[in-house]
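Notes follow once the structure below has been shown.
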């Protein structure tokens, strides 16, 4: 098996999730009842037997560090390889690199020291369950310089507007990368590249004062370099706005969408919290809802997602909502189209109703 | 290397034959409980919560499963460089070797293990009980009274006292007499099978006991009586709280049902005294539009399309439409088809219950139905009491 | 045994070690052949059975994070408690705290969540081997609000000028804290305080706009609060300048000074590097030198400290020098009164001679 | 759970009687080597460097010491959640139990352990050799040739071939014959005791072998010949590099001295193939003003005031003024007094050599002196060959 090292590059990801990203970066946003966005990116790597993963963090990375620790949840707390969270802390006055090249440049030791021959770079906004070993096989067979991963979507939703799309020829060679609406081949912010070639491109980018490795170092080089397109066929969600976060969360309640993301042989791993099983009382009434452990439910919940340790008192009614860790909903409160961040408390009888297309969002630790 | 103040030895040897086929392939301490746990999670979590970071697990029977479950001990924060949890199966020695012949013999055979840590005290635990207990508080009491040994006791109803090992004590709590299942109990303080010994004292008695040909090498039958006979200072430490022996199918079912009571005595959500358990790392449970769930504990990875009433559902269980699970305990990864009716039953891990099966007797005083060996398939036509 | 939690507060430590602190904070500076300055502070805590340690880092903490990882070297990689490295990454617009109170305020969860009743706060500049359980006993017996640790030095060296000194009455109660040269009771930047009282003082400090917890919250409160002085009797070195770093390093070559710091029952632990034993060839000539593992010595070395993996070629002469990790000294080079930071290479025949009172310092990764 | 492509089984059972008192209290794989290591560090580090993260260590003798040394496996980065290193002593089973009766029997008795991981291939290693080897390259060869089993071989001098198990191969490297210590060797390819088997094939042969009453249940004597007899595809994989059996006091001494040669064949400083070893966490070594050190390997925690010449010094050794250590191996924590002379000796861990003692014979062809049991005190008057 070929050795691959992974980089999760958060440098150019904007924190567009409003209240949810006031205090944390997008990669650290809770998603799917017990996960954080970045869990999918890391699990994809470890499930592809990648044993060395660097995270290029730029802003609001504190909760990311708390969550990832030394990578124990992914068995990445290793002497050789393992997980490296790399916040910006460089103090070299001679450093001329800019943008995400600062990360590549100042963390070049990660690339130098890895025993892997190939590097996979991904972001955190494309939720999926991909095997990079398969992608690497195709990359090697194609003889390409770089292989980018894409998903052919049925329909362009708002979140896809901002994403890059690919034009591809009959041999799956990329002919253009653009933001046009003409293509439904959504580039998933993932590419595979040989280590030595990556190293070469980084040096060139820095020498030319580039500030965005993918745009300046790869996209701008078309058609001089051979970029192959690898099609990903599984479950996929792009989360880059509050609206896409809310809509794609709801998609998890569809058993088929759910099964495409969560697989026994390629599990999504996350930090263990040791919560008790969830408790449903005699008065509870729950339907079409995803419930994480440690919840105590006495009220009515439908079409919602409850994170760990949520308490819902008797008479409370929750619809189409996402309730994060340790929130408490007191009796007879009514929530509809609402997203509560962690540790919120909604007091007795309170009613909060948002619109399906724009949920009502409450920042963490609020009592209302 | 520094010595350890107190090392715990957990007697996990019991085959637990009263649990019938539940323990056919696994030792009793590995039996499932409470939707998520195995029995051994309770004493191990108690240890780590009490600051005791060195635990030997003495296992007689099928060590591989416990070995695999315990692993490097990280589940209970017991993956320590020095100390941590060690599984101690019977082993072969230059001068022979063989089965542990009694609870005291199991400790005696692991003297070398204990000597490594040169502890001042040894905590002896059994792996058969569900309870949360601060062993450190008991250790403080043990040290404060200057006892040679301290035995944890719990008040049981007088009418049941004849089913337990009863400690008779003086007004200071010093144990004067030990009555195993007395016909006419003088006290209702039952031993919980939790002992703390001064290691120098215990070692001496273990060495002496090993020489005795007619000894059964048992703590209750031999070591404790010898200590009492020699007027050693044995103190009773009274524990208050939930404590339950889950040695039979009925008591295991009852202990599970206790968790469904309003404000259960055993709080599993206490953040300051977590019960740690190996995590199956599955997605959150999904309760479908067709589901009815009331009075239940449900764990991750479950998918519920049917009705769950007053039941405990472990991880990875699927319950299809129009099925009803009532007053039952469904162990991990059980797949329940459509139109199944389960009443007052315990269903073993990995069982597959086919469409239309009817299991268990709904009448309130009926015997609890135990379904089958791990991983068996139960067709509708075969569904009977087993 | 009482439960204590530890805080290593680097917030007000200045990085005064010239070239050695260009790219790292003082706590991360290599010291004593295989350690980093902070190893002593952390080992003191774990040897005192402190199982929960927070590090308040402010600047240049990247190499500190690389070194400490999740605390594995100190068995602090735990579910309950453990090691928390807390760089500044706070984004609360309503936060009014300043100075190191920002750290206390933004990390108040660490104090809230610990099961300990007492907190030990220390810096990283006082190298020593102290048992805080003993200090706590004295603290409890004295009934003091705060207990500060001091060392009575025989003579005031330049590094002690900048340190606080204590005036003490017959009952070891502190009567004054000052920078006077009249007292040789050097305050070691360590104090013990009850958790609830610390919490109370932090709140007060923030409300009053203080920016230095020890100066404003404790020192300024004298004589209203009872401050007890605990005398530390063991080996001690204060490293807060290049000159004190160099002189105190040399002290380690004195067997008595050495034994006062390194004890079998209270070992100084550090990250494991898995170097082979050091190799001395037929041409080597080494005297009065501390040698870490992985060195290959063919030349002449006297009165020096060699860190891990140093290579000294035949004919090279090293005197009164400190050579850090993985440096290579080529044949016939001559170094006297020199400090080489990591990964330097001195080429054949090169001569570098500093003065005993001001060593010649070479920043890391230089080739000369 | 995912299966493992390849699981390693390390035969660490040997008591190593030829190593005399060095193995009185410890199994041979735990014997010290190279100033820092134990023999078992080499195969375990080879595993982790080769990407093999699941290793069973089969130990017969005094499991506690190996258990304690191996711990949770973090030393070799083998503290994995799924897999990692497991010590497998002989254990008791419901149907009996007892000593491992042979190398093949040891694996056979741990079928359950292997079945847990459902591997495609099993790597069988012995714990008696010092070498660095990429098992992954061998595995690639094994898979590439489609072999049922692959045996690692090394070219030995023809004159010594009669001391080894010799593999005769055809031009493709397929093994046609296996000669155990042949009088007239047809080849100089000696088996290194490193095997890779397809698990399905090995399992079948282990099950069959277990039924054979007259089998010695040994890989070399029974399993390999049976495979050859059945025309299974056995391939020889030629290893190039340093490989040394350290089964005698002389060979152990020699292997240590090999490290002091200029540009030694076995490079312990290779950053890409580190040999991991439990770290004693001691301060750097101190070479005093009175010391003379040449041609030596010295480890941390040592304090040298005397002369060290062409010797290997483990951690925590103190050598006082005016003492001379020459052509010797000094194991951990040995304290050497003043005016001691040590020549051509191996001094066991923790020995105390009193002032003025003279040990060993300096003449070049003399026998290597082995000093005493672990932790013994050697007074000047008693210092003789032991």
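Every chain is named by a letter (A, B, C and D) in the order it is written, and numbering of its residues begins at 1.
FYI, contacts are C-beta pairs under 8 Å (C-beta built on N, C-alpha and C of every residue); 3 or more make two chains touch, one makes a residue touch a chain.
Here the structure is a predicted model, which is why all the values come from computation and not from measurement.
Seen from the C-alpha centroid of chain B, the farthest chain centroid is that of C.
Looking at C-D and A-D, the interface holding more C-beta pairs in contact is that of C-D. Chain A and chain B have CA centres that are 40 Å apart.
Each chain gets a centre from the mean of its Cα atoms; for chain B and chain C, those two points are 46 Å apart. Chain C has residues 72, 79, 274 in contact with two or more other chains. Listed for chain D are residues 74, 81, 276, each touching two or more other chains.
For chain A in complex with chain B, the touching residues are 32-34, 72, 253, 255, 258, 262, 267-270, 272, 274-294, 296, 305-306, 309.
Listing the residues of chain B that touch chain D in their complex gives 60-64, 67-68, 71-74, 79, 81, 84, 86, 89-92, 94, 97-99, 112-113, 116.
Partner chain C is touched in their complex by these residues of chain A: 22-23, 60-62, 69-70, 72, 77, 79, 87, 89-92, 274.
Only residues 1, 75, 78-80, 115, 265 of chain A touch chain D when the two sit together in their complex.
Residues of chain D touching chain A in their complex: 2, 5, 48-49, 74, 77, 80-82, 272, 276.
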